[in-house]
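In the two complexes that follow, chain A is the common piece, with chain B as its partner first and chain C second.
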Partner chain A sequence: MPYAKRHRLVRSAVALVLGTTALAACGSESADSETEAGPASLTYWTWTPGMDKVVDLWNKGPGKKDRITITVKKQASGDTLVTKILTAHKAGKAPDLVQAEYQALPTLVSNDALADISENVGDAKGSFADGVWQQTTLGTDAVYAVPQDIGPLMFYYREDLFEEYGLKVPTTWDQFAEAARKLKKAAPDKDLTTFSANDSGLFAGLAQQAGAKWWTTSGDQWKVSIDDAATQKVAKFWGGLVEEGAIDNQPMYTPAWNKALNTGRQIAWVSAVWAPGTLTTAAPETKGKWAMAPLPQWDASENRTGSWGGSSTAVTTDSKHQGAAAKFAAWLNTDSEALNALAKESGIYPAAQNAQTSGAFLKPPAYFSNQADFYTKAADIAETTAPSAWGPNVNVAYTTFKDAFGAAAKNKSDFGAALKKMQDDTVADMKKQGFGVAR
Partner chain B sequence: MKSTARRQSYGAKRAPYAFLIPATILFALFFALPIGYALWLSFRKVKVSGLGLGSGARKEVWAGLENYTDALTDSELLHGTLRVLGYGCIVVPVMLGLALLFALMLDSEKVRLAPFTRLAIFLPYAIPGVVAALLWGFLYLPDVSPFYFVLDRLGLPQPDLLDGGPLYLALSNIAVWGGTGFNMIVIYTSLRAIPAEVYEAAKLDGATPTQIALRIKIPMVAPSLVLTFFFSVIATLQMFNEPTTLKPLTNSVSTTWSPLMKVYRDAFGEGDLHSAAAQAVIIAVATLLLSFGFLRAANRRQKQEAAR
Partner chain C sequence: MSSLTVPGAEPLAGSTPGTDRGRPPLRRRIALIPTVTLLLGAIYCLLPVAWVVIAATKSGRELFSTFTFLPGTGFAGNVRDLNAYRDGVYWEWMGNSALYAGLGALLSTCVSAFSGYALATYRFRGREAIFNVLLAGVLMPPVILAVPQYLLLAKADLTDSYLSVLLPQILSPYGVYLARIYAAAAVPADVVEAGRMDGASEWRIFTRIALPMMIPGMVTVFLFQFVAIWNNFLLPYIMLSDDEKFPITLGLFTLLEQGANTPALYTLVITGAFLAVLPLVALFLVIQRFWSLDLLSGAVKS
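So, the complex of A and B:
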């Protein structure tokens, strides 16, 4: 009897185990099509350098456990990738995961290219500042992406030259203008900085700091306020400085610009938290001579900044494993090991708040070794980022900016007119496409 | 026996078509089909409803001639065309003039080091257009250019080459530098094909080298000149590389500086494939009309001359 009893026990135990595995298999199978992770091989389009190494960590760690393998396909950055995603999506062949800048999300969502992953990544919300997270929801209940990196605006200046010319680090834009004029008087061949029309993101960030909300919705209609009072204030301020010759009007990222920074002909730069990387290549000889301060304010009592750049990880509607893809997106941007690797391999400034002052961010960037509290300060500044409001044709507004403000900067003419053109062209494009537009 | 003969003749009749099949398929797949698709796209447009968020908010609908009327009334496209024509008025005569001059000089009897000189003049053509534009772009920027350094030392005026009128010269210079060699080779090759007896006869008649060049060589290479002119005009209308590469360096080159740049911006900057397709079709038709019109006129003149 003991034998038979044991036999039965074993048998039922086996049955039980089999049953549960079958059940579990059933469970995962039924949900697989929708959300549950399973054996999946996913492609990820990104321009972040070193992302393959970060993805290796996933493929060897959590990914191996869940049998989700990610393959990185390196892409060109920014707008070029948006076009490529939209084209691939038209053919129903977009990759599972894509990197997208925040301002591109409405365009992608409007083309129905991004999946709502709120069910899978809703928990991640707590890791990010509200202003950052809100950019991935577009003000709806859906979540279209997980924030990866951010680019809060700051003020960079040559500490030594500021001292030499007796300039005070400006805390308001009025002081900034004063500093520009004072420098021009003291050294006519030098400029405090330049107004560059070849990167619309900086201007958008400056407008954001001033309180502009370029695209908002009410009901079934978009409201475009690119030439609102706040943006006009920003445009007139910079236009005025260019017109009176207090600052330069040549574009950034040219060999001439590199040289101006490297030789101290331009002694300050309004830029984002990623500036150390750019300065390292643009002005290698001035390493250790720069310092970072918060962005000047419009009102001394305020403490706000805008952002320039920053991107997120999104899952496409073409993906057959949206749940698995979302799981990876959440891991990549909230897991401390992943964020550490992202900082180390890719040099990005994480959107996740707890990562901004840990791991790789305990020490200042090598270029700013003289400023020990660089990243503590940066995290404080990042927290003051004003909310931004993007619309479905940011690309049109941005290209119009480049042409209209490029011409205005060249001719030292009215920036207000250029801003109006930006508004008009953006609205005209939306109307042409058929969007509901309130004016 | 009879049936075999019939089959053979039948097979022989079919053979040419069989040989044509690969070419026809390739032509259809990679030439006719894309053009047809571009035409199809140009008659359609995207219609968004409401906020345009979520699925189904965006539909592709028939647009008729709307994209075409928009393109033809677009002042930017017109201005781009005018800019490119202005540039062409500088490039084409200068480049072909230089190419002809170099070819004649190389062909003259007194020339030394001909192979080396020929290679030296041709070499810039081997450099990709984008690289050439980048290279010259650096040389045009006052802060990094050695030319400006020299001008500065000599106390000479330093013009801004990336602005206003000089911009056209700057762009033309890149094209002339890169294209002269190729055109020179084309003209030089046809110069070499002129039979030596013609020169001998001219010399016996007492013609000087200059007279030989003007009265014999140039008329005899006229067909090559027509060909190079034809190529240059098309290249001018399709101008894209140089201004696109110089654009980041200056505020003077807009994203719609040349017609093709506008097509590129609309398609890939603003995501409007449909109006970009319509503009591309218009540019292609204009180029075809212009170049075939020119070829026709040139042929007619040649026939008239032959008849004389």
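So, the complex of A and C:
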């Protein structure tokens, strides 16, 4: 796709959304203003725990030299933060820097909330895998954020129980389904895993692995392909397993789910690289009994994964010191001292490739002390991440997913119909917002 | 559950000695249904509270692995962890909540008392129009006003300040409505008239005569408003970005939503929620007695 065209598309989307209101004028005015030199005091909205300590390193080191001081204002993560940023942006009061999940970037950019920082952070590109960097450019020649952490999908399983029930670690999804059935036969009260209709991000990652591209552009129009063949394949696969009762249909991240993991009622989990942290609190009794393997593949000849989560550092158009803010964003996510501190204080898995196997990542996480090469393996898997394609209303797609798939999983009914609803609602919302949508 | 309802019903049936001795079975049947309904309602409301109380005593290890209503052993540890979390920021949130709710409810009660009394006592043009607008305000959920209020306060450069959370909550349509109804019922026109006849100024009549009569109603307004502000989430969420100004609701939310790669701090959130309920319970127990005051008795002979 031609870069310039895509860029224009984003711009026209902005114009459409904001129309001729004063807001548009307000937003572009501050975007065009030259970066002010001299001392800068910047605010940074982030949910990462321990970020204040990492920022201290900047304020005492490179920041002191450049007279750029960062103040962390800790926020709660999730879609609500995107709404909060957009509300603040409407009033021209967004902070200088924000943490944003990759799938939220198109929403923020189409509302003209994020500044193009390509001039200041262009050099950082080399530190990241292409698939990761592409998420921050939205396929244009602009750069809207610097990648911070990533969440490549992997397969986690109880090593001891797999052995007990004679299960093989699945390398393809067919083997995965077989393992689920075999376990159900051997121990009807146990499940290999569950399909959680609460976790849209996981489903999106699984579709991404299968090759789905939910949002693309053609000409000056968006194309929504949530209901494409790849995603249908994924939905049918999981829907089939739920329907035949081979896996559970209860949501993840509930006390009941924690208990199922902790007591070995569920013996595997399709999750991302950050799973050790979750397992530490969800299933403390099973420490050292888990192992990690690459995600099963659709075809034995393939080697791909999707991602679940991950976020970036972006500079807002409301910032009066965009250059200074971008400088900090680049330091935070590429400097080895900063990345070490991020790993130590915040437990994040860095997007920067050279950091994935150095410093804190030389040793496996404590929960996986039995798997010495955990992070080497993780870095290899991360490199196979399939490209993603996010659009301007991921939140709407995610909400519909929760409703439609929630009902389908509960009733063990057709996942295909749920997927169609997800597609229709997403398209309807984009049209309502004024985006041109091709069918 | 059935074992709970039976003893509950009995004292009520027995609490009507002497009356209608002829047909006690009928009365008993009538009393049984409401009693059972109320008891079920009470259980429905109290069960989650009991869960919070018990869960707050469990350590992280016990939380999801032991029986739900079996008390744990980790309460002291949980409080210690909560204390230590980011140098005791929890208590800062608690202090902020107390400030927002305490000062906000007090100011809101004052405004409600003034306007309620004025609407009830004076006749002036547009009185009903004002009252109808207020009624419409009662029907309007405060949630939908939060964003416009933010945009408004942003124009005045007041966002992310203590005032931004206090100001919008001072005018409570429901409080004014309640104050008017209460003033109309509790402050007889005769008393106001008598005060005027004796040469008291309007201000003096209000502060010395009407206000004392309105106290039970104002206590209600204060309590409602205190609880509403204490529990309010969306307004401070949109207004505040500095987490040292957060009230307890927002603070606990940030503990829960730490991003996917960080486990939610369940034990801290549960212990924090439990401790955050205590001031409300204490407030109700202390202020409750003002409701029983009957200042009206002896003021007018009718």
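Here, the second predicted complex is superposed on the first by the 403 of 439 C-alpha atoms of A that agree within 3 Å, B and C clash if a C-alpha of one lies under 4 Å from a C-alpha of the other, contacts with A are read in each partner's own complex, and residues count from 1 in each chain.
As a convention for this text, contacts are C-beta pairs under 8 Å (C-beta built on N, C-alpha and C of every residue); 3 or more make two chains touch, one makes a residue touch a chain.
Quick caveat: nothing in here was measured; it's all calculated off a predicted structure.
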Based on the superposition on chain A, does the combination of chain B and chain C result in a clash or a fit? clash
Considering only the touch criterion stated at the top, classify A:Pro255 as touching first (chain B), second (chain C), both, or neither. both
Once the structures are superposed on A, label A:Lys168 by its partner contacts, choosing first (chain B), second (chain C), both or neither. neither
Output check: A:Glu285 vs chain B and chain C. Expected answer is one of first, second, both, neither. What do you get? second
Look at A:Thr80 in the shared chain and tell me whether it touches chain B only, chain C only, both, or neither; answer first, second, both or neither. both
Just chain B (first), just chain C (second), both, or neither: which does A:Lys64 touch? neither
Taking the superposition on A as described, I'd like to know which of chain B and chain C A:Trp274 touches: first, second, both or neither. second
On the A-aligned overlay, A:Lys431 touches which partner chain: chain B = first, chain C = second, or both, or neither? neither
Report for A:Lys320: first if it touches chain B alone, second if chain C alone, otherwise both or neither. neither
Can you list the residues of chain A that meet both chain B and chain C? 80, 255, 259
Note which residues of chain A are touching chain B in the complex, please. 79-80, 82-83, 86, 106-107, 109-112, 138, 140, 197-198, 217, 220-222, 249-251, 253-256, 259-260, 265, 317, 392-393, 395-396, 399, 402-403, 406-407, 409-410, 429, 433-436
Parts of chain C lying in touch with chain A, wherever the complex brings them together: 60-61, 63-65, 147, 150-151, 154-155, 159, 237-238, 241-243, 250, 253-254, 256-264, 266
Quick one: which bits of chain B touch chain A in the complex? Just the residue numbers, please. 46-58, 138, 141-144, 163, 248-252, 254-256, 265, 267-271
Contacts from chain A onto chain C in the complex sit at residues 43, 45, 47-49, 73-78, 80, 84, 87-88, 90-93, 95, 149, 151, 201, 255, 258-259, 262-263, 272, 274, 277-278, 280-282, 284-285, 308-309, 311, 346-349
